[in-house]
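Next, two complexes with chain A in common: one pairs it with chain B, the other with chain C.
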Partner chain A sequence: MHNSKAHIWFIAPAIILMIIILIFPLFLAGGISFTDYNLGNKTFEWVGLENYDKMFNRKTYVKMIWATATYVIVVVPISVVLGLCAAMLINSLRFGADIYKTIFFLPVMATLLAMAIAWEFTLHPTLGIVNSFLANGCGGVREFILGFHWLPWVDSQESWYAAACANNMDFPYWLKQKNTAIWTVCFIGIWQAFGFNMVLYLAGLTSIPRELYQAAEMDGAKSTWEQFKLVTWPMLGPTTLFVVTITTIRTFQVFDTIEILTKGGPSKTTYVMMYAIFEKAIQQNLTSIGAAITVVFIGFILVLTFFQRYVIEKRVHY
Partner chain B sequence: MGTISLKNISKSFGSTQVLNNLNVDINDGEFLTLVGPSGCGKSTLLRIIAGLEQQTSGDVLIDNKNVNRVRASERDLAMVFQSYALYPHLTVRRNLETPLRLRDYNAFERLPLIGNFSPSKKEKTESINQLVNKTSETLKISELLDRKPGQLSGGQRQRVALGRAMVREPVAFLMDEPLSNLDAALRVHMRSELSELHNSLKTTFVYVTHDQAEALTMSSRMAVMIDGNLLQLDTPEEVYDNPSSLSVAQFVGSPKINIFKGTSDSGGTVGFLNVNLKRKSSESNTDLHIGIRPEHLEITNESNENTFSGTVAYRENLGSDIFFHVNIEDGSNKIIVRGLPQFTHQISNGSSVNIKRVSDKALLFNQAGMRVQFTNA
Partner chain C sequence: MEAKQYIGEGWKHAILIIGAIVVMLPFYMMVSMSLKSQQEIQSISGGLIGAQETQTFPVCVKTGYSEETCTMKPYQYNYWFAFEKAPIPRYLMNGVIVTLSIFIIQVLVALPCAYALAKLRFYGREFVFSMVLFCLLIPVHGIALPLYVMLAQAGLVDTYSALILPWTISVFGIFLMRQFFMTVPDELIDAARMDGMGEYAIVWKVMLPTAIPALLAFAIFSVVAHWNDYFWPRMVITGNRDLFTPPLGIREFRGGIDSDEFGPMMASIVTVTVPLIVAFIIAQKRFIEGITLTGMK
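Showing the complex of A and B:
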């Protein structure tokens, strides 16, 4: 058996393909990131860590890391928690579950590009449905709810909503304004991602044996919260690990919405990594800095994957 | 105290009626087995007692208190599930502690970290530890306390599930086919352990099984259920020797009781095949079923008006007993006869044999399947 070479023939196609389309480009990108090479150049010079030095010191790239981090840190937890909540709510429904599943899953199935254009119109500062909805609600219930007037410490004259109403319907420009753009993009990211997480959690929930809940009930876990703590959450551990990993990797990759809606602006507040790679390496033809960003990007993903594989995996599989 | 009374319990799922007007009184400290073929509603009945399922009509009384509106967690019962339903992410120790933690600690003390500041928590933790240690010693699982359920064998999980039910000293134990996932040898062993446990705890046990052997060996009384009806509730001896109906007689006992078609004449004399029974039936001039258990038939060399003959179709050797599956000559019956190995080892498949009855053991049933008594005369 040890003398047989057959196994080489079986795995060779996969290995060769992997080397050609994955590993070689990766090392190539790694190599280019230490040079000043640009696409089309005949020669190049080794510049050492200069590209990386730029990345961590130039304002643009610091903003890039900041935007990416904000996006990931906001979108991942919220879309995971929302996905779990939606899945548990749907799971407890006797009928109508399919309708909700479809509604929440639609954004996942739809082309993100088309959805981004739809959002662009929706969020348009003057023509968009969001701002006209807000403008029509001045002085009404919408103002009370969305202006947080129901919170005891919010002065109904001073809230952001009241101020906008008073100031000639000066509602946020959502995607065109420095302080709202990243949050608006995050919102669209969450809207797009949580349906997928919901479906994964629904699958996870159906695999929890009903007897465990009954055992918990017999053991005296009376409240839904106790049962969630004792059964649902631990039993969903493997699902959660998978959901978090997938969502993190997908949010790191956010590109379509940025390209359509903001192009990284205003003033680089939504300048996420994937968009930066595209802009530098493809649009501005600065291959070497694009390669450096790519290497850092892959570094992040690798660290995450290893963390998942070797640290958390041990705790969620029983 | 641990008495449980079920009064006129009915249960239907949609239009399917699964339990028909059941009445059962379970005494304190009793080992009551609910036994019946699968789908007879015995598990549903157990779950109604537990409070995990709501009956369609009727009352459940625990210690003479109506608990229809009391939820499962407040009925103070403990249940052992068929799948054990251990929490896979917790160690055995934590599994055993869970019922105590949930009941003894208050909401504040269950909080992580800050809960430890509660002054009474230390004392409670102490007593929980003691109870867990005591239980694990009783069940001989002390050395398993730090493992997780995934690292245990079937029998060990079974013990842990029992332990989780025991730590709390509940009013009664409910067990839903707890032995059915074990291999045959371990199942027989656990039967005796469960009986011993019941003897030492002296708590009420309600035990569901489809295995009539478990019911016969362990219970103080057994309730035979078929198709949602309670057919007989009595001691195992009584159910076996004196079944109230044909279905009970056929369900209890392995191998199955032999049923012959026969008739009674105007004088009440019962005849089947070429044989007449000595005792007279209380119902005359009717068709009857005559039931005779395999151990009440013997293979014999005699041939007279009290024996009948047949051909051995299959010989089932169990070591201590040999069961002969015999085709009766007129072709109407296939019966099972028990033989002792020392007398019957030479009989093989295909041989002709004569069979005689052990007297006073036949059971009569009418066409509706109800028991017919012999007259005393």
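Showing the complex of A and C:
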């Protein structure tokens, strides 16, 4: 042991900053959410649960919960499964693995806002290559595949693709149409997130000992699928748990694509929580409502992380 | 058997290539638009780079440049005009100032704290560490609104401080460095003390050099996150162009999406996006390591 008091100077800045920047704001948000305070007001009054009452009863906020839930429920599973599939495919390649890894990781790295604008143009009805690709495929293989004509119950005259072709190439305005906007935003979310999951899964896969596969084979698990069920999937348990939690937390915080592409519209179908906080509290200066949304938002995240860290994590390690 | 394996490999590549094409679509679109002329963009012709015919650009003439200045190849025009219209170097500079300041302050705060938590014994150490663990649960974007209220009350909205202050404490950095310092042998520190080094000197002259690999990964993690961050700058920078970070600049370029030319707009977006992507391609391994850092517990 040494007799220095240095530790006080070492931990004091961190403690002070933690309290001011991370802990105090939690209480501040909680406090404001029970008032009618708006930024710039000199006074405020306590209004009890009024803000929360609005949140769960007004149409706008109900739609907000819906949009957020839809986004999270669609993006998380698909980007996790895609990440796993990509990792397994890449892991089993004989050559070229690094190229795919780099390409799939690019969206994670690139400035999301810039990429959102690039997607906006890619999906633009008159300037974008997606719709021109679709229009050029009318009556061909593309229509057969993407119009789902290969499914027995889809009528090849009535599919969405055939209808668009027949109706003067009326393909969707993906980001501006009520029935496609949220799915398009989800698609961009998945596009951005799955490379991150892929890398985590690749790390998980390399840590599985080869002998386990040999043992499984001796036990009669010959097919790839059986080996996956018997060895890969259980061994990836901890990775999967981690990937799901971190993707969920990141997905909850979606903002960039919404703000630049849809502004929460059309008719609030993409009105996610982070955007709602921004719009209400910053643009409309309704600070107290924004604080109430913040509290609910943080509640979600804390429960999720807590769940991961203390409840499940102890069980998935084999 | 051999043939079957080759077919299997072929299928895998086929699937991955389709995936790669979808992933690359917006990148292709972005680069292509930044090179082509407005007519080519609107008629979706010219492939990746367009015909590159020398021409006079009407928007440029309307802005007040001489016809001679405005006559050049589309790719030259797009990039030249992008820099004429917006202070792009300024945005990039702001990006560098903000991300570097954040990283340096994070290290100045986190490193000594991590050292104390890992190697010094003092009353309340466990409490401080559990505080760090609790703070790890708090998403900073989630508490953006109360932070904004605090900054507004302090009159700091629209300043560099607003961009930097909320990020000065990285509990994740503390946690990471502490885990790393735990693996440093005590003998190293004892030897330094025998040599008469003070605790401050030990942190910066003994611990810091051993932590370089972990610090590098953390640097990439921190810099990438804050270079790309749009939400926070959008909250606290309202109109002052001099404080725009690259994503705010991007937003401004897109402003005139209906009337303006798309070429110069995309050229500015490419310019702002490219530095990180190039750095990533050069130092891929390090980047992947740094960004997935949160995954290596």
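In this text, the second predicted complex is superposed on the first by the 305 of 318 C-alpha atoms of A that agree within 3 Å, B and C clash if a C-alpha of one lies under 4 Å from a C-alpha of the other, contacts with A are read in each partner's own complex, and residues count from 1 in each chain.
Throughout what follows, a contact is a pair of C-beta atoms (placed from the backbone, for glycine too) under 8 Å apart; a residue touches a chain by one contact, two chains touch by 3 or more.
In this text the structure is predicted, and so the values were computed from the model without any measurement.
Participant: In the superposed model built on chain A, check whether chain B and chain C fit or clash.
Facilitator: When both complexes are placed onto chain A, chain B and chain C end up side by side without any clash.
Participant: Is A:D256 in contact with chain B, with chain C, with both, or with neither (first, second, both, neither)?
Facilitator: second
Participant: State whether chain B or chain C is in contact with more residues of chain A in the superposed arrangement.
Facilitator: After superposing on chain A, more of chain A is contacted by C.
Participant: First (chain B), second (chain C), both or neither: which does A:E226 touch?
Facilitator: Once the two structures are laid over each other on A, A:E226 reaches chain B alone.
Participant: Where does A:M218 make contact in the superposed view: on chain B (first), on chain C (second), on both, or on neither?
Facilitator: first
Participant: Between chain B (first) and chain C (second), which does A:W119 come into contact with in this model arrangement: first, second, both, or neither?
Facilitator: After superposition on chain A, A:W119 lies in contact with chain C alone.
Participant: If we overlay the two complexes on their shared chain A, which of chain B and chain C does A:G237 touch? Say first, second, both or neither.
Facilitator: After superposing on A, A:G237 lies in contact with chain B but is clear of chain C.
Participant: With the two complexes overlaid on chain A, what is the closest approach of chain B to chain C, counting only CA atoms, in Å?
Facilitator: Result, nearest C-alpha distance in the overlay: 9 Å.
Participant: Pick out the shared contact residues on chain A: the ones touching chain B in one complex and chain C in the other.
Facilitator: Overlap of chain B and chain C footprints on chain A: empty.
Participant: Where on chain B is chain A touching in the complex?
Facilitator: On the chain B side, the touching residues are 50, 52, 71-74, 77-79, 81-83, 85-90, 98-99, 102-103, 148-150, 164.
Participant: Of all residues in chain C, which touch chain A in the complex?
Facilitator: For this pair, the touching residues of chain C are 9, 12-13, 15-16, 19-20, 22-30, 33, 41-42, 44, 108-110, 112-113, 115-117, 120-122, 128, 131-132, 135, 137-150, 152, 165-166, 168-169, 171, 174, 193, 198-200, 203, 224, 227-228, 230-231, 234-235, 246-247, 250-251, 254, 262, 266, 269, 272-273, 276-277, 280-281, 284, 287-288, 291-292, 294-297.
Participant: What does chain A use to touch chain B in their complex?
Facilitator: Answer in residue numbers: 209, 211-212, 214-215, 217-222, 226, 230-231, 234-235, 237, 318.
Participant: Please output the residues of chain A touching chain C within their complex, sorted ascending.
Facilitator: 1-2, 4, 6-7, 9-11, 13-15, 17-18, 21-26, 28-29, 32, 39, 86, 89-90, 92-94, 96, 100-115, 117-119, 121-122, 126-130, 132, 191, 195-196, 199-200, 203, 242-243, 246, 249, 253, 255-256, 259-260, 274, 277-278, 281-282, 287, 290-291, 294, 297-298, 301-302, 305-306, 309
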